[in-house]
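Beneath this line is the structure, given in structure tokens, with notes to follow.
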């Protein structure tokens, strides 16, 4: 029996790569980029392999457990790779590859330390997806957040500094809440391993559980801040609009980390039918999620800036996810996961696209001169050099249209399929769970209206940009910028075409999630290897 | 002991919240520092209060968990202190950066109207 | 041999002190500790050499030093009680706190440092700085009665021994 | 004898704590920045004494390290503060 | 309170006395810090805490542990040495900072001019703004 | 085959899109060829469809949701397919000549083909969801077509309007179809069609009906959604001809016919559709009369005719369905030709304004003749196709409401009157003297531009004269596919004898002529430019104001429920932290009574200090930052001592070190924050709003503090659960190899945490460094501090190295430099013993870094760096690599990452020495901590160098760049 080292690779690869990148000077940019790129490629391959293993019965129960430092589960830190986390890893790697590729020509060249920070960000995200230990989750959250602070600030200018003041402050407070929640959970259950917590909750007396619930509530606030639930997510549009495009694209994923953790936590801790804690907080999630949808939709409608629009659309998608999680129905979760992937790709592609689109409105030279005058040394990247790709306008408009369709959930792209999946699940609940109630109707109506609102605002923006703009010269786009956007969009097309296998996979993932007992058995049952021959007495 | 600690944590946390809600970035920084003291203490006491029972298990003795302080919260607090230190440094630098480039130390990077 | 020592053990005294510190800290006197202490004692001064432009002090008259220390200890105890008395029982407004100038003739940096240590450790006096124009020590005295006495005492009882210790070259 | 020692330890604890309290008062009322710096430094020293007394009270040497560290490092922040007051910046 | 009962009387008495003395001195020092009217007087208060207070308590500790552990425990010396090396720096720097701050701020009553070593230069006001309070 | 049918246009669209912008004939040829091919395919299929067979083609897509791709062609679908393709072909031919040389033609044809494909998709869908997909695609492509002349504001506006309205409808349709699918249990069209009774009996029938109707009516431009259609006339005329005759608007009608078997036959059906249809046909035809734009007139006439069809469908009798299908076909034919005729006029004269156009019959007699025939068909003149279906309509209206209630018939006649009137108005442009001053000199169009019109007009006449032979079979097949066999009795004949419908027709014709004459004579029809009576009924205006109101409402909502200000966000967070547990948690934790006996007075005294410092800091932080910093430091001391007191010496050490480094750090930062001076008269007048805000914040702070205190107290007085810590205590020594359990936890049990934690440190250091490289100091703080400029200070002019070497810092410098090796030893000491006693890599690293920083403080950056190259980046890199590499080493032994091992060395003289791998791991921690601390502090310290080098009056742009940290 050998440990499945593959599971920890998504954390180690970026860490090692980042460590190697730190001492390299900016002059060796090409080498740094190559290293970084190789690492992301490695992560992509790892994620694919993990996904294959999770789905092909390589592990008992299709859940891979890795005991870091070889300590059995509730005591040591266990990393858990199941279908969902493998998928999230893949999504991360794909997005990272796109963002990194996009940053090749310009964004990674300005400032210093883009690459190590990027790698550390990936390490944090991957770790957060993998870990099954509450405090370890905190630490990986911090890795992720700290790297994101650095990356949001990347390309020093006033707007970014303003935005990151907010971003950092809010997230620091959220981190404190995370700690408070974790501490409360530890104090009441005496353990940090999620599966173990779940196990212990089921045996707790109703009288004891108040403090635990308080802890979980505070903890959830931290995640919900990350996931930008109303009213905790006001930082998001500002930050998205201010961050440089590749970073903003990665930020999209980070909101999803919040939702992911909520999903995992809730299904694990409160997914059981019985027990004193069953069903805790689901209503709050549903209604909070729906409020978030309303808020995000209103935001989309009332803003003119594309960056903020993308931010609000991320809020809408976050709200949808939270409501879906809170609705507590496995088939809906399946569709919600599909929606998660689709909307992440769409919003990320849109964020990358915005910068390219902006080149239509204000051709590069003008904007450069303007900023140079205002802030003599801001990190505004050089105009792309060399030849641009042909048919730039056609690409931009097509890509924009695709983004708009996906964000609005119109056919024929993945956005529609996701929406359809959710509606179908809402209308046709599994046997025994009863008919759709007023909450379901409201949710459905909200999702439809939000899609519509997204459409109206995207349309307004698109018409104004593509049709009403006085075009001087067609924008100059680099292949390295066009390719990632195209890939993200093509992936979304692929998601539509291959919806069936994807839905099947997600259905299995969701079934896993809804079986907390299985996690407990697998995670706590994984034995540590018999100790290295001698673990002697200390002197 | 318990009551004093609870009150102490509460007061420090409250002072931190008050500062956190102030408009100037340095106030927010100080607030964050105070809050992290409170939170660290809070995590720490989650292992309950132990006097003179540091979690050392010297060689030659059989450790009796019931008379030693809970080491886990201590380890967690250590990590939290380190991370708190790092984030304080970061916030500080962002704060002075923002002060320089925006010309104000208001947390929003611009003076409020009126 | 001597060259070797100079090469690898240029700061013998400091190395010894550091080794002693290590042993004291570890409260151990076994071979491993001594070895490690010796290694550290030798290596650390070499590592920080570049940051020590003055090198390390060379002391000549250990007996004088001991005498000085004994005197200082007594003085410290005495002033301690004086200051305590004043804090507890005197009318604080009538305490005559003043700065005084003490012309100095000691030049050796370590000697100066030692002097400042002794003066500062003695309650009731605080070393402020050396006024550069006439190389005078600016000293703050908690309860000044007689400026001349202070200058005299410092010159005679503190400075002179220190000059003997640090500045007398064989 | 044991009671005498216990009493004296308790007395010492009270004294040190009251001393810390007085320092804290000075810290609060100021009035000038250098007063506060001085008070903070004294607070550290008193803290060190507290560690030592606690060490005697609990009869363990674990507290000794903290005392060593306060003695060696505690002054750094004071020096930094003083230099800041004096020069306006601490590293030139 | 583990070690206390097995302390022999020859040690307990001096330890107690040293503790009481040291603590009292420390308290007096702090009292001085609080009660003395000007900074230049206040700075002399803590000095006794550092020298005599700390010295006594260190001695007590040494004695105590030597007695309880039946071996020579003198590593408190390290603390003493470090205190000796750091305390002068602190008082020197604070003192100097205070003097120059008061001179710059032209605080006549602060006591910086006592003894006439330092004088406040009045005409300097022209042109330069008074330094801000930090 | 069906797949090919649907795909062909899309393929053509792709090809056309790839053609260069300058090409003109090629895209048209591609489009034509593709359409022709598809048409041939479709006609070929009639062989089977005509026999009542239904063609299927099925692809699995999402069987789990009952969502397969099904292409299904029955009679109805066939009719629509041929209509779409046939008229499409003609329109494409027409467009070839119509489009101007300046327009990007490939794009046009590409859009056209894409639209055609979507339309075919709608028509051929055998799955409701798939239908919705194509439905929305038609919206998208029609948006592109309407907005084709994107530089024109009206085109953009029209396109957006059409798109928005039809998409809203589409979303409603989606909802309706989903519910329908839920009722039936399948989205498959066959299943749905077969489940009519089940659907009609279901509770949710009404919502399905309303939602589907919303979709269909908005697409078919029915009142009250009709307003988008006239605005869509901003599109090029071929687009209008295509969209508004045979395709886009007919999609709605198609849907209603399609779902007729399932949904019709209830009063709700009749009332909803009937009301909408009647309103539409009256309003549409009335508005049409008063349009001055020829296309506008046609647009309203289209609306009215669609209303007619909807009314027919609403009636619900099988015969009316036949009539509806028939009229759909007829309308497509004559309306397409009319649009194209208008296009010709527009193209050749440069205007479509009926106020200007006059006597075109003279200039283009042939076109005029065609247009007159077509408009006669539109007016329902006998012997033309329009007459037949209108006749059927009249006869069906009489069925509604029995024998007493004639309102529907009156409405029908009124509509007939109006339609005759607007047809007359339309053809009036051909009569009279030829207008002068037209933008262009009118003449006949090119031969092939007129050809499509000719075809269609011939079709009008053929169908009008011999209906049974021309379309009888087709109509029967189509009707049969909807109604099922047997078909109701009907006869497609021109002459049914003198009956009421004929009287109505006659009345309508006569009335129409009369009405037109009256209007022309007395109401100044030829001059007026607004619709009488109903001009207030401006749907477009309503649409725009709705959108505006929506945006404003959204902004309002955002203003009241959102904020961009940090303070409010933090307030919300804090309130949430207090409120959410109170609101959500049931049962609330119980708070045990406070026992005063449990109060330890000494410990309380300690915390009186801590709390006082904290509160003092809160009070002073605004104007006295330094004071606040010192006070926070006071709390830090107390915290540190608390850790010490409560058996956590490791924490105390760490807290102490962090405290020191943080102080230094903030002092370095404070240099760059210009002082905040309390404004004079600060306390004099504080506005009540400020007090209110403070009270609010105070309340929140109080609540938060109390909340946390309560939680702490409740926890501390509750029974501790069995924790996992016992495991650590028991195994730390035996298996972790260390006596200090906390340290073993950090480097072994939970070493993974520590690895991530040092990564956080590294990240922050890198961020700080990157940020400070581009740091712009505040303008007020660029100059060197006043302290250094003051004449009072003799050291003002000395460099830091001089100060330390011989100046005023000399004596302190001696101490501080002398201390350096001692600090080094202490660092090593704490590092070495960490595993067994308090200490460890972190504390050691901080001590080491502090020792170095002290040197910086003494002698300045330049001096230290001239003596010592620190390269903090390398420390960080090596540290991470060491820690990570130690973990990876376990792989070599076949163990998971970070598994600890111990090397045993048996050295002479020294005996056995154990070197645990955790020790190496800790070394990595040490390296990272030193590296990061140094990087952060030194990067900050370097900023001073820049300001020193800058001239006193330096501005932002003249500040020298930061010195690289080596």
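Going in written order, the chains are labelled A, B, C, D, E and F, and every chain counts its residues from 1.
We take it that contacts are C-beta pairs under 8 Å (C-beta built on N, C-alpha and C of every residue); 3 or more make two chains touch, one makes a residue touch a chain.
A quick map from chain label to UniProt name: A = Monovalent cation/H+ antiporter subunit D; B = Na+/H+ antiporter subunit C; C = Na+/H+ antiporter subunit E; D = K+/H+ antiporter subunit F; E = Monovalent cation/H(+) antiporter subunit G; F = Monovalent cation/H+ antiporter subunit A.
This structure is a prediction, so every number in the text was calculated from the model and none was measured.
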| item | value |
| --- | --- |
| Number of hops, subunit A to subunit D (K+/H+ antiporter subunit F), where each hop joins two touching chains | 2 |
| Comparison of A-F and C-E (more C-beta pairs in contact) | A-F |
| Most widely separated chain from subunit F, with each centre as the mean of CA atoms | C |
| Closest chain to global C-alpha mean, per-chain Cα centroids | A |
| Distance between chain centroids, defined by C-alpha means - subunit E, subunit F (Å) | 66 |
| Rounded Å distance between subunit B (Na+/H+ antiporter subunit C) and subunit E, as computed from the means of their C-alpha atoms | 29 |
| Averaged-CA centre spacing for the pair subunit D (K+/H+ antiporter subunit F) and subunit C (Na+/H+ antiporter subunit E), given as whole angstrom | 23 |
| Centre distance in Å when subunit B (Na+/H+ antiporter subunit C) and subunit F are each reduced to the mean of their C-alpha atoms | 39 |
| Two or more partner chains touched - positions in subunit D (K+/H+ antiporter subunit F) | 13-14, 18, 20-21, 33, 37, 39, 58, 60, 62, 68, 72, 74, 79, 83-86 |
| Multi-chain contact residues (two or more partners), subunit F | 564, 566, 570, 574, 625-626, 645, 649, 670, 708, 711, 715, 720, 723-725, 728, 733, 739, 750, 753, 757, 760, 763-764, 767, 771, 776, 786-787, 793, 808, 811-812, 815-816, 818-819, 822, 826, 836-838, 940 |
| Multi-partner residues of subunit B (Na+/H+ antiporter subunit C) (at least 2 other chains) | 20, 28, 42, 46-47, 51-52, 54, 56, 59, 72, 79, 83, 86-87, 90, 94-95, 97, 101, 107-108 |
| Interchain contacts (touch definition) - all pairs | A-B, A-F, B-D, B-F, C-E, C-F, D-E, D-F, E-F |
| Contacting residues of subunit E [partner subunit F, same complex] | 82, 85-86, 88-89, 92-93, 96, 100, 103-104, 121, 124, 128-129, 131-134 |
| Subunit C (Na+/H+ antiporter subunit E)-facing residues of subunit F, complex | 794, 805, 807-808, 810-811, 814-815, 817-818, 820-822, 824-826, 828-829, 832-833, 855, 864, 867-868, 909-911, 913 |
| Subunit C (Na+/H+ antiporter subunit E)-facing residues of subunit E, complex | 25, 28-29, 31-32, 35-38, 40-41, 43-45, 47-48, 50-52, 73-75, 77-78, 84-85, 87-88, 91-92, 95-96, 99, 111-112, 114-118 |
| Parts of subunit B (Na+/H+ antiporter subunit C) lying in touch with subunit A, wherever the complex brings them together | 20, 25, 28, 32, 35-36, 39, 42-43, 46-47, 59, 72-73, 76, 79-80, 83, 86-87, 90-91, 94-95, 97-98, 101-102, 107-110 |
| Touching residues on subunit F, where the partner in the complex is subunit B (Na+/H+ antiporter subunit C) | 564-567, 570-571, 574, 594-596, 598-600, 603-604, 607, 610-611, 614-615, 617-618, 621-622, 625, 628-629, 632, 635-636, 639, 642-643, 645-651, 654-655, 658, 661-662, 665-666, 669, 672-674, 676, 697-698, 700-702, 704-713, 715-717, 720, 723-726, 728-730, 732-733, 739-742, 745-746, 750, 753-754, 757, 760-761, 763-765, 767-768, 771-772, 775-779, 781, 836-838, 842, 932, 936, 940 |
